[in-house]
Each structure stands twice: as C-alpha cells, then as structure tokens.
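One structure follows; several queries about it will come next.
So that you can tell them apart, the chains are marked A, B, C and D in the order they are listed, and the count of residues begins at 1 in each.
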Amino acid sequence: MNSFGRKFRVSIFGESHGPAIGCVIDGVFPGTEIIYDDLVKEIARRKSGGKGTTPRKEEDEPIILSGVLNDRATGAPITIIFTNNNTHSSDYEKLLNQPRPGHADFVAGVKYFDYQDPRGGGHFSGRITLPIVAAGYVAKQVFCDVSFNAELIEVGGVVPKIPAHAKNDPEVIKAIEAAEAEGDSLGGIVECEVKGKGLEVGFGEPFWDSVESLISHAIFAIPGVRGIEFGDGFQAARMKGSEHNDPIGPDCLPVKNGAGGVNGGITNGAPIKFRVAFKPTASIRKPQITMDFEKNKMAELVVPGRHDVCFALRTPVIVEAMTAIVMADLLELADIFDEYAPESGNTANE
Amino acid sequence: MNSFGRKFRVSIFGESHGPAIGCVIDGVFPGTEIIYDDLVKEIARRKSGGKGTTPRKEEDEPIILSGVLNDRATGAPITIIFTNNNTHSSDYEKLLNQPRPGHADFVAGVKYFDYQDPRGGGHFSGRITLPIVAAGYVAKQVFCDVSFNAELIEVGGVVPKIPAHAKNDPEVIKAIEAAEAEGDSLGGIVECEVKGKGLEVGFGEPFWDSVESLISHAIFAIPGVRGIEFGDGFQAARMKGSEHNDPIGPDCLPVKNGAGGVNGGITNGAPIKFRVAFKPTASIRKPQITMDFEKNKMAELVVPGRHDVCFALRTPVIVEAMTAIVMADLLELADIFDEYAPESGNTANE
Amino acid sequence: MNSFGRKFRVSIFGESHGPAIGCVIDGVFPGTEIIYDDLVKEIARRKSGGKGTTPRKEEDEPIILSGVLNDRATGAPITIIFTNNNTHSSDYEKLLNQPRPGHADFVAGVKYFDYQDPRGGGHFSGRITLPIVAAGYVAKQVFCDVSFNAELIEVGGVVPKIPAHAKNDPEVIKAIEAAEAEGDSLGGIVECEVKGKGLEVGFGEPFWDSVESLISHAIFAIPGVRGIEFGDGFQAARMKGSEHNDPIGPDCLPVKNGAGGVNGGITNGAPIKFRVAFKPTASIRKPQITMDFEKNKMAELVVPGRHDVCFALRTPVIVEAMTAIVMADLLELADIFDEYAPESGNTANE
Amino acid sequence: MNSFGRKFRVSIFGESHGPAIGCVIDGVFPGTEIIYDDLVKEIARRKSGGKGTTPRKEEDEPIILSGVLNDRATGAPITIIFTNNNTHSSDYEKLLNQPRPGHADFVAGVKYFDYQDPRGGGHFSGRITLPIVAAGYVAKQVFCDVSFNAELIEVGGVVPKIPAHAKNDPEVIKAIEAAEAEGDSLGGIVECEVKGKGLEVGFGEPFWDSVESLISHAIFAIPGVRGIEFGDGFQAARMKGSEHNDPIGPDCLPVKNGAGGVNGGITNGAPIKFRVAFKPTASIRKPQITMDFEKNKMAELVVPGRHDVCFALRTPVIVEAMTAIVMADLLELADIFDEYAPESGNTANE
C-alpha cells in the first residue's frame, strides 16, 4: 500500500523518529542523469527555517543506496534514505492518551492496535514528504523540456502581490506573525503548472487513470490537503458550456485553458494547471479542548513539539514532486512518446 | 488501465455505439445479495428523461453474465452488460475533421492513431458511467449499515432551496430552460455523504491510499469533473488551526466535521463528506468557433447529436457508485473489520 | 484476482453452466489487426471432437462486444464472450455431497461458503480456458515475426513418433483407447517454443518478473498442470557448469540453448523453450472411493458428466495462448522495442 | 517491477558492489513479532563458508530502518538493509567485453544500454537473495502453526542418504571436491514442504493466482532455477487418473498427496510439496570459449571472482523464504482466516 505508480513506481518508508526515512524508485529509464548536488538543492527547497516554519532542523542529507552509477540511473531500483537525528521523542508521550485534534494519532491507534510508532507522528509524519521530494527530483529528470512549477498563491486568506515570493510578502508575513503570536496556525493555496514542448498531447489514460485522477490521488496523499481543482475548477460549475469550452486552434492547441490542459483525462498540449488547498497546521500551541482517555473526560491540550505555523509554505516543492511522479509514470506507460525512448537518456540535460 | 481497486476491482469496457458496454467486478464477498430488481431500480436513477437531459433513450436493461447464482454473489467475477440499441452513428462523422471543443475527440485521435471508435465518443462516452452505476450497486451491497447519499446542491450557479429535489426546483428549471433556449449548457455541484454505524474508524491507508486519494481518483474518472473538496474544503485554507481542527469527543467521534470524516487519510468515524464540481455539458447547439482540419481554417461548429443540457443532473448516483466502489475496496483490504467477514454474507439486508 | 498482466492485461469471467464466459483484454496497441475468421480458426484448435476428448460440443462462437472496429483494435478494452448452450447441469447435483477426487469441488465449497456455482465446476471449469485462447489470439497479433508453437510430445508415457501429430499417432491412439475402455484417463507433456526475429534480447525483468516467473505463473493457471521446466530443465541439476552454460557466439546468440532462451530472467535471443506436465483428467468413469459427506462415510463414486479421456490433447493451443499473453505484456512494458511502437500497427500482417 | 505481492508486498533493491542491498516489506500485520536475533539466525542459514561455497565473506548484519518498534511490526513498511563491504570490483572489468556464459552480463548490457552496474553482477547478483531471506523471516512470523521446510535432496546427480544433511553427506562432498578440482560446478534439487494446522483449506485464488502460479513465480525469481514440479510432478503425466487422483478422506484431508496439497489452485489442507531444480553455478574457473567483443572473435574465458562451486547448497533457506512470502500474501488476501486477524498478533510465538 506504500507504493504508487505502475512503471515509474515510488515506495516510501520510515518513521519520524526511527533510524531513517526513505524511498525506493523503480522504473527509472537507464541513463537518466542523477546529479547528487542537484538533488541536494531540490531538497533544500523543502527545508524549514523561514518565517512560519518549524525550528526542528535536520541535515536532510540524502544517501543514495542503490540504482545510480557515475551520475546515471542504472535501470535498477534507486533507493535514497535520510537519517533522523534531531528528534525529541519525549514530546509525544502524553499524546497516546490525549490525541491531538486534526491529527491521525487516534485513528492510527485504532487501525494498528496501538502497535504504530507514535513518536513524532511515526509513519504519518509530514517528514515522509522528504523522500517524496527526492523521488520528485528523479521524476523531473526523466523529462525533456517539461517544467513543473508550483507557487503559494494564498496564505491564510491573504493573496500575496507577487505569488512567487509569498514568503517575503509583507501582508503574508504580518498574517503569519499574528497567528504565531496567538499560538495558532494558517493554511494556504498552491497553484501548480506543468508545461513545455515535452508535454505532448496524449499523457493519461481514459477513465480510471485520467491525468486528473492520478494527480489528485498523489496530491491528496500529501498530509493536510483539503481540495483540488483543475483549470476553471469549481468556477466551471457556474459557467455555461459556451464560456467554459476551449476551442481547438490552428496550432492544435486550445485557444484558452479552462480545462487545465486535460480533455477526457488526456493532456491536450496546453499547460496542466491546478490549485491545491492546504489546511492550517493541526499542531498548535493555543489550548484546545479534546478527550483525555486516561482521565476519561474532556481536557485542555497544549500541543508540545516544534511545528510550522503554516506548513503550506513548504509544500510547493512537494506538489511539484507529486506531479512529476505522476507524469513520469504516464510518460513511461504511454506508447506514443518515441523521443523519450531510453536510448536517448535524458538529453534535455545535455 | 481500465480497472480500479485492489481486491474489490472494477473493470469497464465498451463503446457508446458498439454492441454492448459493461463491467467485470472482481472480489465480491461470496454470499453478497444481488437482487436483480434492485439493480434495475438503481440504474433507473441515472436515466435521462427529466428536464435538461438527453432525448436519447436506452432500455438500459442489465444482463448478468456471470458471478451470481440464486441472488447471491458466488465469489467469482460478476459481469454485467448493457446492449446499445438507440444509436445515431451518422451524427458523428463530421467530428473527425472538426473536433468538438471541450471533448476528447482530438486527443483521442492523437493517442490512438485514429484507430479509436469515434461514434458517440466511443469509449470516452459518458455512457460508460452506466456500468459504473451497476458496479456501485454491487459495492453498496457489500456493506452493513453504511449509506451513500449524493445530491445536486447547485445548478448553473443556482442553489436549489431543497437540495434533494434540485430537478424540481423552480429556479433550477428556469435556469435550465434559459440555457436550453440559447442552445447552451450548465454545470453543477454535487455533495456526497457516507455514514452509518458500519463506517468505522480505520478505512483508508496512510499516505498513497488515503481515503481522499482514492475517492478523488475515482471521482475524477467521471467525465466532466473539475474539482473536489473534503470537509471545509478550499475554505479550510482560509481558516486558523483552532477553527478548522476537529477535537475528539467522549464518544471517540470528532465534535465537528471540518475534516470531512478523514484524518491522516483514515476514516475517523464521522461521515465522509465531499463536494464535486461538474462542468457544463461540452456538446452544445450554440455555434462555436473551432478548427476545421479538412478545410484547414477556423470554422463555426454546431454540435449534432442528442445531449444533456446539464448532465450534472444525472450524476448523483454516479458519484455514490464511485464512492461505494472505493469504500468496498478499502473494506476488503482492511484487516480490522471482523464483522464483515464473508461468513456473515451481507446481513444488513436480512 | 481474475486478471493477469500489467499493460497487456487479461481478465476472465464466467461459469461453465452460466449464461456466458469471456475475457476483457486491456492494453492492446491501437491498430492491431483482429480478424474475426482467424480468431474462429484459433478457437477451433481447442475444440473437442477427436479421439480422447469430451463429447460435449459447443459452438464456441466468439462474440466481440468492444474494442474492435473495422478489423483493428481501437485501443479500448477488447471484450470477447462465448455463450454456454450445451449444459447438463443435473449431472452435478450429487457432487455437492460427494466431492470428486482431484477436483476443486471440496476446496471451492470451503473457500466460498458454498455460494460458488457448482454446476460443471463453475468458475473452476476447464471451459474457462476458452476465452484464454481468444486472448492468446489477440496477444499473438501484437507481435511482428514471433511464432508460438506448442506440441504434445508425450501422452500417458507414450512418446509419439511425430510430435506434431500426437493425436494421430497409432501408439497414442492405442493408449487412449485402452484408458477409455477402463473408464480411466491419461496425462501428457507439452513442449512450447517461441522464436523469430521479433524475439529480441531484452524481454523480461530482473528478479520478480523474469520471463520464467511470468510464463510459469500463467502456465500453472491452466487447470491440471503439475510441472514446468525451461531449457535443460530438471536435467540441468545433474549437469556441470561447463556442460550447461551456453557460450555467446559471434552473432550475439548463444551457441546452444541449455538455458531455454533466458539468462538472468531476460531473453537472450535464442528460442524460449519449455515443457509442461499435465496430469490425467480427474473426472473418470472408473469407480473411486471418496467421502460421502451426506452419509458421513467413504463411498464409491462414478463421476457423471462428459469428460476428456486426455485433456492434454486440447492444451497445446492453451499453452501457446498463455505464453503469448505473457510475452505481449513484456513487449508492451519494455522500453527497448522501438519497432513495435503502435504507429506501425502490426505490420507483420501486412 | 521490483516488487511482489498484493498485500504482503516485498520490494528489493541494491547492487552487489553498491553501498547496500535491502528490501521493503509492506503489509505486515501490526503486532507481528520481529526478533532481531532470530532474524540474524535465519540469515546465517544462507551464509557461505561450507564446502562448495564462495570464499567471499560478508558480515550480513541486518539493519532495520523502519517499521519495527519494541520487537513488533508497527504496520508501517519494514525496511531492512545490509551494507556491502567485501567487494572486489576490479574482478569484473573485463567482463564488459567478454560476457560470461550462463550469466546475465550480455542481456543486461543490451537491456540497460550499458548503464547497468556491472560490478559483481550488479542488481542481477545472487546477493539480492540476502534481503529475500530477511523478508522470508518476516513472512514466516505472520503465521500461526505453519512450518516451511526446504532441503537439498540431490547434488550434481547424487542423492544424499540423509537429505537434511546434504552438506555433510560423504558422496556429496566427494562430488563437490571433484568439481572444484576441475574448476567446474554442480547443480542440485531442493524439496520444500509447507505444513501445519495453520495451513488451512482455502489459500490461493482460482485461475491466475493459484498457489502453484504464485509459488512458481517467486521461485523462478531466484537466480539459477530451471524447473519446478508439485506433488507427483512430471511423473503425473505418466500416471492414470485412478492412480494420480487424491480421494478426500473422512477428516476432509486427501488420503494421499499426488496433488502436492493444491486442488484447483487452492490448498486442500495437505502439505504443499514441490521440488525445484537449480542449475550448476555459471561462473567457473575452467576455461570456456565465448565471444570477446573487443577483439571481435571467440576467445577463452577464465571467470575471475569468488564463486560457489554449488550455490544450490545455500538455496534451501531462500526457497523457504520465497514460499513464505507467497503464502503470507495469500493469508492476508484471504477472507476466511479469522483466527489470523491482526488483533491476535502472532500468537503462535507466544
């Protein structure tokens, strides 16, 4: 159950406070360039440290255990791990009896008969998105001339003036500081766009494995997602057919992009465009009322541990990674993309 | 690629104007009650005929080819087909050169090298949702005391006063009549709720196979979906943690349902609640400008054939079916649901 | 569970005495030639009628429900069904209490809580190999210049002088007549060879999805198989490395074929060669002692119904079909076979 | 492609001379006992060191990275790795131009465009069976009262007098010494038996996922397997139905075991019994003629590196592991095994 994809297949493992977390990536074209320093740079994009992110700092140094030789994928599974060093497990003891609102603590206990690792959320920790970013790097490398670009376009209801720099937007910073002061947290909305000459017509399969089906499947795997919409999204439900339809133009491309780049589940050559809603961080300092199962009564909980005020700040690279993982699988499954045959390696990078 | 699910697995086949469409449903608990008349009633819920739906009328009579004996699932695959009778294939000839805006005509031609069946949209037709409703009936039968209820809560921007009767709401009818008069079409929003004592804590798998991941995967397979949101949905991105979090109450249930019944990808016992945005019907009578590849210039297109003004009207039973298919698979995969062991058959119905 | 393959995926359904049996074949290259008359001819190879085969005669007329248009695969799932007409269900009533030795009657009853269809073996019937032959025909059509040829090389311990004509070999006929006279049955051994210019180096995946793993998986799905061996087979265990190893020659092909065409799970360009052991038909007229669960004591059973004396006679085309299904999936999964890209259709037939 | 199983799912990774090899095991019942010292003991059974095995010695110390807490499976994926220390990579340089007969060197080069890791066979190395033994240990722990026992019953054509002690049998030792002196190698046959009260009727699925299909699939993944046969095996093809059939006795068990414990693909309660033929080690010191692609002519090759004279000596624990992996998956997939529900943990060990 901890795998995704048919040919380009990503498996994840690890707990927040165990020895290591990591991923196994199967089905990477032999010859794909895997440059360690580029991988490190991509991972740095997910790091905490900015305003509104957790003070837990990890080295997050990737260790490639298999599948890469001389900066190239060998064709065998690629395994990348990260050791966990900076753990404060004692923070989590009391949560066994007093599950955090908005967290998986309680449901995990029921599902796993209390055998799950409760420290730091265990396998349910947001830290599991770290190997996802590593797998996303590998997925992006499989492509020629396709870019994946996600940006935070809204934080706690504030729309930053320059989306690409939400972290530095004064209004956003003000909202974060206010929430932090209250011991509260904020959500946000991320927009992702996939485009480039390599994004040809024909990615996706009719019905079950439509592009939207697979992307939404992967995106909802990211902890804290509450919604996703493509192209005109929910607004499409309020438009007329004559407004929403994208006519096909002389260059075989749609003349506008209300569909978000997908018709009948299959890419139409226009950029794939979608938005993702992230909830506010569940773990807050502000006291909350929840059940204390030891004392068998409702009680006030102040969540311990170190948490992001707005984890959405760190998610754009994760959204990109998930999207690249989906698209890499569709690329490898498709019969039509001759130029991506493995002989060519990832010539985009050459 | 035309299958979904791991244990409760649905495969679909068929083209709009071919001899038959149908589904194969694998992994049904032996002993599950399959009552032919109930199946027919469920299918009738998807039928056209009301205001705003297509005048194409099919008998839609299910033929069970395998897997059922004496009104019970045998444990072998269940195959249900529907023959196609009322087809007007000649309507579709010109669309090969002049692809309909908002349709898969063009992308299918590229992907399948023009070998696809173009008549009535072929395998891309909305008619493929008919066997989905049949599979959904079977999926619902697997459950004890779980109800699946979807309703149209908005049509073309109009919120009906009584959601359950959107078809009869005077404002909705007025909007449909206006769109019909213009040769245009409308979209809509469907809300779905899953609840009951059988909806225990523990459905869903952490990460990749979260409840939201699987439901969204299946829902985006329905032609014409543009967005999905769970619980507080996109609004959650504008809430604070202290507002959005659902504290756990003394009965082990959340005291409110901002999460839509799911924490960490796993059901928490509250109703699963989500909304789906459907676009307006793509095929409209109103003239549209699109490319005519034969004449090699932009040209006006009046889409022929018989189409729904608002296909969203027919989708609630499809949304329920998809949700039941997902949940049946999670039920069969879960290790924790002893009372659903096959010995008991589907005692809910007894 | 009733499917096999990742991209070229075959699902089967149906019971011996239900309305119909059939298969859904997913992942067929669009443009693959599917000639109805050729399909009928292939199916005729499995028919009964010869010495030693059952007197149950079925028309075995394939009905193509979906996925084929103008003699070409459209790219959508291909569904082929066969109706069951010549059924004698009453023959099977007593077997519920007195399970046939060598049959699945008893285990099916336990596994399916007696909800399974017992008539004619239900889903466990050898008749389910009929849609397999249909799927095998489609699989063979996907290939350019690859032949699949299986022959019965031994019947009841008798090695026919001309393997290809085992049915007509006088010694074989004599052995069959003797077994028939005693109300007994015979087994046999089938040898299968896959070869041709299209059988390039590189089919198969390392480890789990080795060519031998997948072929043996599919072959053991055929009812009545007891063993399989590749190349030198069991004899290899008695050879020295210097005897068994196949050196690579100047044409990049092995100079002999002790490995049966596969190294490290991957085809080496030499013919794939393997042998399959079929047990004698389980259903025999000769009285056998078995448990009578109604009377709760051991009792004599004379199996009713119409059965093959040696069903192995009818299996070569089934072995070929299974092998072609496996190889078609490996072909579609492989990244290296450019010339088989779908643009070319199945040019081998043109 | 590097995974096997549906619910109990094993993925493997690593190259012979890379940093580490390992496995990820998904779907382990939470609460299953995982005792580190027992794991180490099981792994020791695969070690070299005896007569006829390679002088390459590795510590083979398992490192559990995830999924185990307090000696119990948490329900999250279990990852176990082994670092590679004792590598002589320079031994393998010349093999790029002069591929070893009987090895995957050549086919891997074609399939992976020479990007594969050639050192020590890379991902194709027999060393990959080390994590399989670790996964097999975990698989065995899932069971209550089921034993998996494999023994070497024949070495180079010599049948040891006491099968369980083939390594110490004087005739076997003599044969190994003779082969070693010639720089040659030997094969062998392993017999495996699965039995116990926990081996109930009902493991396995009809048709594609028959017990024999899945076991043979996994067994042929072990490098060097040439054949497999169940129960009477190839000999069944020479028996009459009245000889081969296993009547069912009053205790619901077959009175003899010609079928090897499986009817219609489903366990019948008798021990599962099968034999596996291993070829002689491909890498031999004795000079062999093969193609030298650098010099473009046939040339003599003396394979460098450290190799087993008879690797079959080390395979019984691997055969057991593969069988346990298959059976654990069938156990978890089956709906009928209530007593194995995860609440009970692995009570067999308590």
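Just so it is clear, a contact is a pair of C-beta atoms (placed from the backbone, for glycine too) under 8 Å apart; a residue touches a chain by one contact, two chains touch by 3 or more.
Bear in mind the structure is a predicted one, so any value in this text is a computation, not a measurement.
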Chain whose Cα centroid lies at the greatest distance from that of chain D: B
Winner on C-beta contact pairs when C-D is weighed against A-D: C-D
Chain centre separation in whole Å, for chain D relative to chain B (CA means): 45
Computed distance of Cα centres, chain D from chain A, in Å: 37
Approximate Å spacing (C-alpha centroids) for the pair chain C, chain D: 26
Chain A: positions in contact with at least two other chains: 1-3, 7, 12, 76, 111, 123, 206, 333, 336, 342
Residues of chain D touching chain A in the complex: 1-3, 7, 9, 11-15, 18-22, 24, 26-27, 30-31, 63-67, 69, 72-79, 81, 111-113, 115-117, 122-123, 342-343, 345
Of chain D, residues touching chain B in the complex: 6-7, 29, 76, 206, 332-333, 335-336, 338, 341-342
Chain C residues touching chain D - in the complex, by the definition given at the top: 1-4, 12, 99, 101-104, 106-108, 110-111, 123-124, 128, 154, 156-157, 179, 182, 184-189, 201-202, 205-210, 212-214, 216-218, 220-221, 223, 225-234, 236-250, 252, 254, 259-260, 263-268, 277-284, 286, 288-291, 296-298, 312, 333-334, 336
